[in-house]
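One structure is given below, encoded as structure tokens.
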Amino acid sequence: MTERERVEASTGWGVLHLFYWAPARPDDEPGGAKRVLDALATFTSEEPHQVVTFATLGHKADLGIMAVGPDLARLQALQHDLSATPLRPAWSYLSLTETSEYAMTEDDERRRLADEEQITDAATVEERLTAWRERITHYREQRVHPRLPQKRSICFYPMSKRRTGDDNWYALDFDARKQLMAGHARVGRTYAGRVVQLITGSTGLDDWEWGVTLFADDPGALKEIVYEMRFDEVSARYAEFGPFLTGLVLDPAEALRRVGLES
Amino acid sequence: MTERERVEASTGWGVLHLFYWAPARPDDEPGGAKRVLDALATFTSEEPHQVVTFATLGHKADLGIMAVGPDLARLQALQHDLSATPLRPAWSYLSLTETSEYAMTEDDERRRLADEEQITDAATVEERLTAWRERITHYREQRVHPRLPQKRSICFYPMSKRRTGDDNWYALDFDARKQLMAGHARVGRTYAGRVVQLITGSTGLDDWEWGVTLFADDPGALKEIVYEMRFDEVSARYAEFGPFLTGLVLDPAEALRRVGLES
Amino acid sequence: MTERERVEASTGWGVLHLFYWAPARPDDEPGGAKRVLDALATFTSEEPHQVVTFATLGHKADLGIMAVGPDLARLQALQHDLSATPLRPAWSYLSLTETSEYAMTEDDERRRLADEEQITDAATVEERLTAWRERITHYREQRVHPRLPQKRSICFYPMSKRRTGDDNWYALDFDARKQLMAGHARVGRTYAGRVVQLITGSTGLDDWEWGVTLFADDPGALKEIVYEMRFDEVSARYAEFGPFLTGLVLDPAEALRRVGLES
Amino acid sequence: MTERERVEASTGWGVLHLFYWAPARPDDEPGGAKRVLDALATFTSEEPHQVVTFATLGHKADLGIMAVGPDLARLQALQHDLSATPLRPAWSYLSLTETSEYAMTEDDERRRLADEEQITDAATVEERLTAWRERITHYREQRVHPRLPQKRSICFYPMSKRRTGDDNWYALDFDARKQLMAGHARVGRTYAGRVVQLITGSTGLDDWEWGVTLFADDPGALKEIVYEMRFDEVSARYAEFGPFLTGLVLDPAEALRRVGLES
Amino acid sequence: MTERERVEASTGWGVLHLFYWAPARPDDEPGGAKRVLDALATFTSEEPHQVVTFATLGHKADLGIMAVGPDLARLQALQHDLSATPLRPAWSYLSLTETSEYAMTEDDERRRLADEEQITDAATVEERLTAWRERITHYREQRVHPRLPQKRSICFYPMSKRRTGDDNWYALDFDARKQLMAGHARVGRTYAGRVVQLITGSTGLDDWEWGVTLFADDPGALKEIVYEMRFDEVSARYAEFGPFLTGLVLDPAEALRRVGLES
């Protein structure tokens, strides 16, 4: 598989992370909450367009809206509809869902079965691979066509791979990158159940190469996974991070209420 | 050919990428759309001045206007005319069209014919070179005097070549740079039909050394080409990138309508 | 103990450092001081939620509020309540209290007793360890569930550990990091009584990896400790610092009065 | 000649590059153009104070004013007078005219005559040196007490010499720097007639070490000279560049008219 | 003497550099000049609190106020009083006066007398040391408890010592730093009479490690000293510089008049 083939197979839906400041005097603009809720309802009225809304902590924004769906024009329309509400734009990030080009292949799994589990009997191998294919198809589908999870807290940050001196990710060959990413993924998997992560691609579209969205019920888990991964070579040597925004996930009406917009 | 000769031969028209925020309450400024459309019409009323308009995604801008033409005073007049509309300036980039100094020469092509196609017969070589000259003339003309293409999505970003430590593009000799750029171009050509790119020069004029405008019907293709090229040594070791802005190309009236300015 | 175990055991309460500009004409918004005081009172009405208020020096802010407590939703509510006062957000920082993963263990202390104090007699060792356990429990409790101290001046700054070339903190193994941090802590302890420091974690939550809050009666001591520590290898080779904000700690009504908001 | 002597001999007039945004609705502030023209006329009413005015391209500014003269208080007064017009400050740069410390000396010229032209006969040498002295005196005078040229386009950018790792300009000895600058100047001289450059010094006064102002009738020449010089070791290894601003030189009333201020 | 002892002995008064923009239409806020002058008079009414006022050049500010005195609360009160005038905050810097930890000791001077002047006779040595002690006491007093000088121009910039790769100031031992600083000071002393400099410490208090204020009658001298020092290893290898602000020192009423505020 060439770099090209890996890349072409990978792209899915549009993702727009929108961050807003709420008005200091919401009463000056009555009906603001309704206009925001209407904009969100219009966007999500057609499957599979989805949003997650959250009240953010700190001065960078008051409200975050993560919008996902196949139609970029619909994402642009949401952005425009929100511009006509009392919310003022604070920040945003544009990306597209994508599968990882470093995903395990069937050959990888076959080799792992032989090496780690000493399974070489053709029938058993095939049985195991069938189960593996189902899991991987589901995982891949969730990355390209995600259902946004329900967790109580969220953080979002963009990142790029480093290209400086001896720490140049893009100068590594595919096998070296795949091996490094496998170690990275192993750390991620130990947070299964506690943290759901969605990596989306933005090279050529926005200022960093990927957007990372993490969901967890316990906000401490957001800190723990990012901190632990920082010791992984992929992060320690090769990652550059943009701004981090953290929030409390709430249904849209409640999120608006918490930033002063009553419906 | 000296560096000077290469440079002098290369410069063409002015290019102004203008990005604007639309007003939150367009009704407060009636007639806004008309004033924008009039400004664009005035600019394009004289051949070969052209514009591409697009609705941008994310907080960096609502509307993008790429204006191209031989007359810098006309570009300044467009910028001024737009300042008298409800649009507020968000960002911009100034560059000039130029041919690549690393373009293949007739000698390069002759050598390639001999090496790759074993064509050395004088008559056949000449026949092939005639066709090659036509293609190259057309390609060169399109870079210096471009006709902006019709594609559904666009991204723009400025970039510079790196000058740090061992990764100093400007310390490489011409042949090394030409060879690196040839590899880079090979990747680009594999996107022919899917992605149209226009590289314009801005050294001495704006904050980066080049502006890159990519057009594609599929927005995923914008991500794919930039991502794949990042593994190319020209990008991996030598490129520094500015902000990326992405939008949906629309005719001017429709682009304005999508950002709230009805005409 | 794995990196994971160290990390999981460490996280405590939410910490929000909020910085505001006071209005230039407070009389235009009567009742402003009362609204701020009410917001603070609401936040601290439930134990153990606490605030420290301070008048800041310089243009970056007029007023600082450090808010600490177990409930992130309550911190968000404070932020929102303050948005409805005449104060305008200037900056903020989000973090969580945490214990240091490099804290001395019982084995470390046992070894120290043997090496430095030549105490190896089992009964004496046990007696000393009992006292040590009490101290360490108290110290650990103060980091995870802090009581904010009463000192006359304060400074706050975020920081990260460096990951560049040969100076990559995250590429060091745990023992090397622990040894470096022990030297760093030794310098800190020599300021006991003069400077109280609270290190809180923000990896994955805000733009730097830690927040550092220093309290001292003598503002000169804030400069002295940070300056002296800069010669320590942990800072000299591995620290990157964000903005520094310095203020005079005052009770809330007095802090507001000093920035023009009379109650 | 010591570094000190070179430095002391070099400083001349004050130079203030002022950049402004024009008002979106000039009619709200009638008489604006007159107030700007009056401010410029007051400044230039006393010889040798001069201005060049230009309409800038892009969002960084609408109007540029380069003001030069011996009296810094007069430059401050111009800045203040302009603050009372509808123009809003966008950017600025402060520098002083200076001669180059790397200028050729009489000994350099004598050596060049012997080496390059084989002229060693005392009378001829003296005759040639007399002519050389006149030229150099004129050139030096133009750098310290410049007459601003009349060209149709202008670009301005500040720059510093790099001080990082092995690329530390200030760690080179004088002879090495002089030799590097001589090569740089040779490239510059090949643009004689097409591009006029004025290098002014700002170390200790503004955020970069020098300001570079280029004048050319053909805006393409501005790009060509800066691009070609980037391959020179002085730029490739040792230059750091600030923002670039480009404009169309016009007489003051016309420049104002082009940004919407009619007089 | 330990690093600690050096540090503790060194800290003196608070220093607040405040930079403001003047109102574009001062007549809209009558009495503005009086309110500024009253704020300055209140601050300086108690010895030894002092201010220097200056009209700044360029867009970064219109007016600069350097305020010095032992009481940080009084500095905060000045900042607050000025917030109630028509001046709008543009920038600021907070630092504390301090002696240099690299000051010559009596032993250094004794050694210098023997080595450079061949003075070893006990009585003469003692006589010379008595004079030296007086000078050094005066110099030290002026750094910790400065009387701000009367010179016609001023520049201010913050700076830090570099901590990157092989250029890590804080990894040098004390003797190496002292020797480097001695060379730096030698250059400074050659400007005695022309330039007065005041170095104040801000590690832990503001974003850089030191503030540098230079006073000179001739603005050219500000450029000359900073430029010449840049070749010194302390600057060339180890200095990082923040923004530079330059102004014309005037008495408060005249400074205000020059920025449009008549009293």
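Letters A, B, C, D and E mark the chains in the order given here, with residues in each chain numbered from 1 onward.
Please note the rule applied: a contact is a pair of C-beta atoms (placed from the backbone, for glycine too) under 8 Å apart; a residue touches a chain by one contact, two chains touch by 3 or more.
Not measured: the values here are computed from a predicted model.
Chains touching both subunit A and subunit E: C.
Note on connectivity: the fewest steps through touching chains from subunit B to subunit E is 2.
Remark: subunit D and subunit E have CA centroids separated by 30 Å (rounded to whole angstrom). If you average the Cα atoms of subunit C and of subunit D, the two centres end up 49 Å apart. Counting only residues that touch two or more partner chains, subunit E has 164-165. The touch graph of these protein chains is a ring, one cycle where each chain has exactly two neighbours. Round the ring, the chains follow in the order A, B, D, E, C when counting starts at subunit A and proceeds to subunit B. Note for the complex: subunit B touches subunit D at residues 3-4, 7-8, 11, 14, 16, 18-19, 72-73, 75-77, 79-80, 83-84, 88-94, 96, 98, 163-165, 168, 170-171, 201-207, 209.
Taken together, the subunit C residues at the contact with subunit E in this complex read 22, 24-25, 55, 57-60, 62, 153, 155, 157, 164-167, 190, 214, 219-220, 222-228, 230-231, 233, 235-237, 239, 243-244, 246, 248, 258-260.
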